[in-house]
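In what comes next, chain A is part of two complexes: it sits with chain B in the first one and with chain C in the second one.
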Partner chain A sequence: MNILVVLRMIPDSAGELQLAEDGRSIDREWLDFQLNDFDDHALEEAILLKEAGGAKVTAVAVGEGANRVLQMAAARGADEVVALQCEEDAMISSREIAASIAAMARAKSADLVLCGVQSSEDVFGQLAPYVGALLDWPHVSGANRIVANGAVLRVTQERGAGVAVTYELAAPAVLGVQTASKAPRYVSGSKLREASKTPIGRATPEPSGLERAADIITLRLPVQGGSGENLGGNAETVADRLVSILAAKGMARN
Partner chain B sequence: MASTLPLWILVITALALTAWRSRRYAAALANAPAAARFNRPMLRLQGVMVAIGMHRKMLRKPLSGVLHAIIFISFFVLFTATIDAFGSRLFPGFSLAPVGGETWIAALQDVFSVLMLTGVGLALYQRYVLRPARFDGSSGSDAAIIYVLIVLIVASLLLEAAARIAGGTDGSWRPVASVLAGLLDRAGMSAHAGEELFYWVHVGAILAFLVYIPGSKHRHMFLAAPNIYFRNLEPRGLVPAVPEAREVPGIDSLGQFDWKQQLDLLSCTECGRCQAVCPAYAAGLPLSPKLLITDMRDALAAGPSAAPLVGGVISEETLWACTTCRACMEVCPVEIEHLPKIIDMRRHLVDEGLVSPGLQEALSNLTRLGNSMGKPSKMRSRWTKELGFPVKDAREQPVDVLWFVGDYASYDPRVQEITRRVAELLTAAGVDFGILFDAERNSGNDVRRAGEEGLFETLAQSNIDEINACRFNRIMTTDPHSLNALKNDYRHFGAAFEVLHYTALLAELITAGKLDLHVADGARVTYHDPCYLGRYNGGFDAPRALIRAAGYTLHDMPRCRENSFCCGAGGGRIWQGDDGVTERPSENRIREALSLGDVAYFVVACPKDKVMYTAAIDALGVAETLKVVDIAELLVPRTSRAIEMPTVET
Partner chain C sequence: MKLIACTEGHSSKIEAFSLEMIAAARSLSQAGDKVVAFFAGRDAQAASASFGVADQLIAACAATSDLIPAETYARLLRDVIAVESPSLVLVPYSANGLDVAADIAARTGWPLISYVNEIKRDGESLTVVAQMYGGKILAECAVGLPAILMINPGAFPEATPGPIDTARVRMIDAEPALTSGKVKMVAIEVPDYADVDLTTAERIVCVGRGIGDEASIDLARNLATMLGAEIAGSRPVVDNGWLPKLRQVGKSGQKVKPKLYLALGVSGAPEHLEGMSHADLIIAVNTDPKAPIFNVAHYGATCDLFDLVANLSDRLRAGSGR
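Right after this comes the complex of A and B.
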């Protein structure tokens, strides 16, 4: 089985986000980027599938810092790693990259395309459905367990409150992964160093061929609070202060 | 003599049995990987003299030390009796009499027999009446068998001499045996039969002792000296690198340990000193440095088995419990090296990706961002914004002192205030200093001790490259952990920096008259020696000098200086959960400070300590009686307003 995993780099949420001049995007110049967490799980699931039944895993990464993440993917067991060139300093739009991913899936004769169910820049979780549609392959999102038996896939999907359904579908398919069957593994620095010798392939983007359906008109950053008050560590003074706050707000009698 | 042949047979059989019982150990040592422990013979010998001749570490526990010294010296004196006993019958005609065997040597043997029995009596009293907790887990039967054998050997020696005296030999050089001779007489024992009986009991017990030793902790009689001789002479703060010959970073079978690491296992005396000082053991975690060693020793003795070393003989929880405080190695009288073994086995776990979620997160953050908190590099120098003056960028301008700030001091809001205080003190003293801003990375000290050698190399190389690109005279660190890495571990890459802890630099500035301080009114404070400043790097005096210079009176805790008790944060523990901890080491330590009864401040000199001990004090609900202050907070330049120290009741 050939598996293609998509790894998207997203702005590190621990960084200080600032609006770009146009007010419609984030200024990416000073940001650190990290791998989208769901994509990390997709990669882990791909490696687990490889370990369970044998597969060739190709990881394709998009965005700033892709090389670093591809080395990590190689250290974890990806057989081939490719960086997909993309527009610098721009958000990664699923709509834009779907055609490139689909083309790569064909070129690599993939039987399975895995990506994270969503990313902070694609909260709709559109990448899997787009790629599925472009390839005309079946697609399931929200997967948290994938079992392959030849070309037959069993995909379990969490529906909340502990309810889980399992689909059976035939490869080739596109799956959006919510969580891997096991937490993503740790790769040691020595394995990373070794993997840093892995050659990283390059792929140029395909035109998306899709009309833009809607535009972002504004982007708002969270308003910084400042309303918190530290009540200290002494139980008595904390209690006193709490009572007086509640009283001041009319929620308790003093 | 008629007994020559039987004795020869007995001796040869005993020697053969002893060799047979040692075969596994001998084979293990012979097949072990090499270790470079043959350099500097004079220094090595000197260490053996101090350790054994002066019983230096032994005497830190006075009763044990004294009783061991008695047994030890008596053993040497009584060895003359052993030579005599075997020599005279194996080689008919041999006798010590020409050199005094029947006069002064006889007198010594007589007296030291009694001393030996006294020593054993004290040992029995200690083990069975006092029963110190450090013996928990040591083999009781092994100790008992040895006591019985020693008593047999010594008693039969005395009685044999007594029988000879009863038979008419002159007893004036053997007062004790003479008294016993009288008793034998009264018991109506025939002198000749008695002499033969006690002789054979004597040599029999000695040979039994010999045969017994290979399977007993009393191997240390033979192995302690070599183990001390071949001790590690490298700086204490340098973790042994992964040997070139090893293909993977870690160790997962005993045979991969080099011969010195294996010799360690065989040399353990089960004295439990290491267990008594171990913070992980005290916290209720499944780690006793003693059992770590003896469990591996027993596995070595059992030969190749199905149980894996890591995760079998030694559990993962045991390995992760260690704070790398080095207290165990500091007290071990035979210089056993616990830490290199723990780190080598951790290296295996890390390489296999077997790490707890907390550790995985910290290590992943360190891989990605160079700090364990997952904060962007750009925020590393944020703390400087609230200073009233700019801090030089050492990458752009030459500086006298390059300040390596460290993760906690840079990022942790609870510590940043202290970091700024240090900056102000340096400025007040006119020090020309700069920092690396976002180019600094975690020093890798605890990364390396968590077994993540590859990541350590990446972090260290990045720091070394940045530091080498700067122009400076000396490096100063806030964090003792960074101090240790930069000073010791970075030698691994050929880097030789002059590195100082801020307490050392500040003490130097005060001595040089460059920093004039407000002097407090002598309030009593206590001070916690951070493991990586004190035990690892000998930084005991500068912090104490600073406390005095600031006008405080130091009241040390019972466990201070090299015996300091770890806060529990080191070696990657700070990134792990508290699962299984019954008493946090930091709380144990705060209780110790409270027991002094008269100190208002708990003074620290490590950013992690500020965090750990403030949390401990809150958890114990004693914030009203004891306050954690960093040394830098005690130092107030005269040029600025005296600070209001928080008031506490004592």
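Right after this comes the complex of A and C.
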């Protein structure tokens, strides 16, 4: 089985996000870029599938810091790593890159394309259904367990309230991974150093073929706070206040 | 113009957000417009008993399946789009919608905006507000029609449920599409809520990724015990195996409405807020003053959660005379 797994680099949104001067994007200059969480799970699931039944895993990374993440992917067990060139300092739109991923899936004779279920920059739509539709392959998003039995895949999908639905489909297919069957593994420094010698292939993007016809006009920060009260940042005074707030509601004793 | 509101159901039930999609379409429709509710499910009873606010219901039903896979749903919807030529298709941000919206967008070439909270119509074009970066940024987007929008559950109030008369219902047999579909549903697992049911809990202490590691969960658990609260977690905490799945709050976890919700190190991504924003009293502790959890919190503190837990635990212990 040939597995293509897509790794998108996105800004660390736990940090402070500032708007760029054009008002239509965020200032990427000082941001930390990290692997999209869900893509990390997709990579793990690809490696788990390889370990379970044998597979060749090709990891393709897009965005700032792609090389670093590809070395990590190689250290975790990816057989081939490729960086997809993208416009510098632009947010990664899955709608834009879908055609490139589809072309690569064909070129690599992929049986399975895995990516994260979403990325927080994906305002124009999600990658798995775009790639699935472009290839006319079946696609399932929100996958949290994938079992391959030859070309037959069993995919479990999360619904609300902890309900899980399992589907059967035949490869080739595209899956949007929510959670890997096991938490993503850590790799040792020595493995990472060893993997740093893995040659990184380059791929040039294909035109998306889909007209955008929708555009971001402005970005803004949500109005902060709403009607909530800010108790500040001193843990002792906050604790005092919380005890009296809770006591007033009969949920604690002063 | 025509607007299609996509609705969903499982077994003989409809998903509550279906009524939100219809309300959103209704709020955009003007004189002469038509709101069409598209439903795919086992039978049309619940849909035709509830979707009266729509002008028409197109129901694709297959009695043999409790759930129509998204692939089949999308194919049925594509056929409906081909016949109805709508200007706008509203898809809920749900497990199903995640596969349907971009599939349709890719096959029609229409624009798609996801995670939409607000829609303004100006004649034949729209301005929508969508959430990005876990709710930390709002994007105002211009959308030319025809278009697809994926709507956040909870962004629009539910339409009042009421029956739609049979003259306004068009039934489609979904069986052929279901049998020829490439994605087959083989099992539905419903968890045993006997262990813990957060939906009935009166007090909840929820830990997010900020808790850092598994060992620290105990600190929060002790605090929860002192408060008579259940312990819960955000998705990454549960994904890491630090808390069982039934203790996850949010879109793919439990939807809770306790009297007290204490969130420790939770950023407040839209998928988390979907499960808890209606709690009576929300207290959030997060070192990042820009964390979106503060947008729904009644009280917010920007101190370190470990300092807060230690201090609060001390005071509660003292208060209980121990």
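Of note:
Rule of thumb we're sticking to: the second predicted complex is superposed on the first by the 217 of 254 C-alpha atoms of A that agree within 3 Å, B and C clash if a C-alpha of one lies under 4 Å from a C-alpha of the other, contacts with A are read in each partner's own complex, and residues count from 1 in each chain.
The definition used in the following text is that a residue touches a chain if its C-beta (ideal position, glycine included) is under 8 Å from a C-beta of that chain, and two chains touch if they have at least 3 such contacts.
Quick caveat: nothing in here was measured; it's all calculated off a predicted structure.
Touch criterion met: A:A170 reaches chain C, while chain B stays clear of it. Using the contact criterion defined above for the overlaid structures, shared-chain residue A:T218 touches chain C, although it does not reach chain B.
Residue contacts after overlaying the shared chain place A:N234 against chain B and chain C alike. After overlaying the two complexes on the shared chain, residue contacts for A:V187 are found with chain B alone; chain C is out of touch. Contacts of A:W30 after superposition: chain B is touched, whereas chain C is not reached. A simple residue count on chain A separates chain B from chain C, and the partner touching more is C. Legend: residue contacts after superposition of the two complexes on their common chain; A:K249 is shown touching chain C, with no touch to chain B. Shared-chain residue A:T58: touches no atom of chain B or chain C. Once the two complexes are overlaid on the shared chain, A:T179 sits against chain C while remaining clear of chain B. Counting contacts as defined above, chain A residues 14, 16, 183, 233-235 meet chain B in one complex and chain C in the other.
Across the complex, chain A meets chain B through its residues 12, 14-16, 30-32, 34, 68, 183, 185-193, 233-235.
Residues of chain A that touch chain C in their complex: 11, 13-14, 16-17, 19, 26, 37, 41, 94-95, 98, 117-118, 120-130, 132-134, 138-142, 154, 157-170, 176, 178-179, 183, 210-236, 238-243, 245-247, 249, 251-254. Residue ranges of chain C in contact with chain A, taken from their complex: 10, 67, 69-71, 94-95, 98-103, 105-107, 109-115, 127, 130, 132-144, 147, 150, 182-191, 203, 227-228, 236, 239-241, 245-246, 248, 251-255, 259-260, 267, 281-283, 285, 287-290, 292, 294-304, 307-308, 310-312, 314-316, 319-320.
Residues 249, 350-351, 353, 355, 357, 360, 363-364, 367-369, 374-379, 452-458, 618, 621, 623-624 of chain B are the ones touching chain A in the complex.
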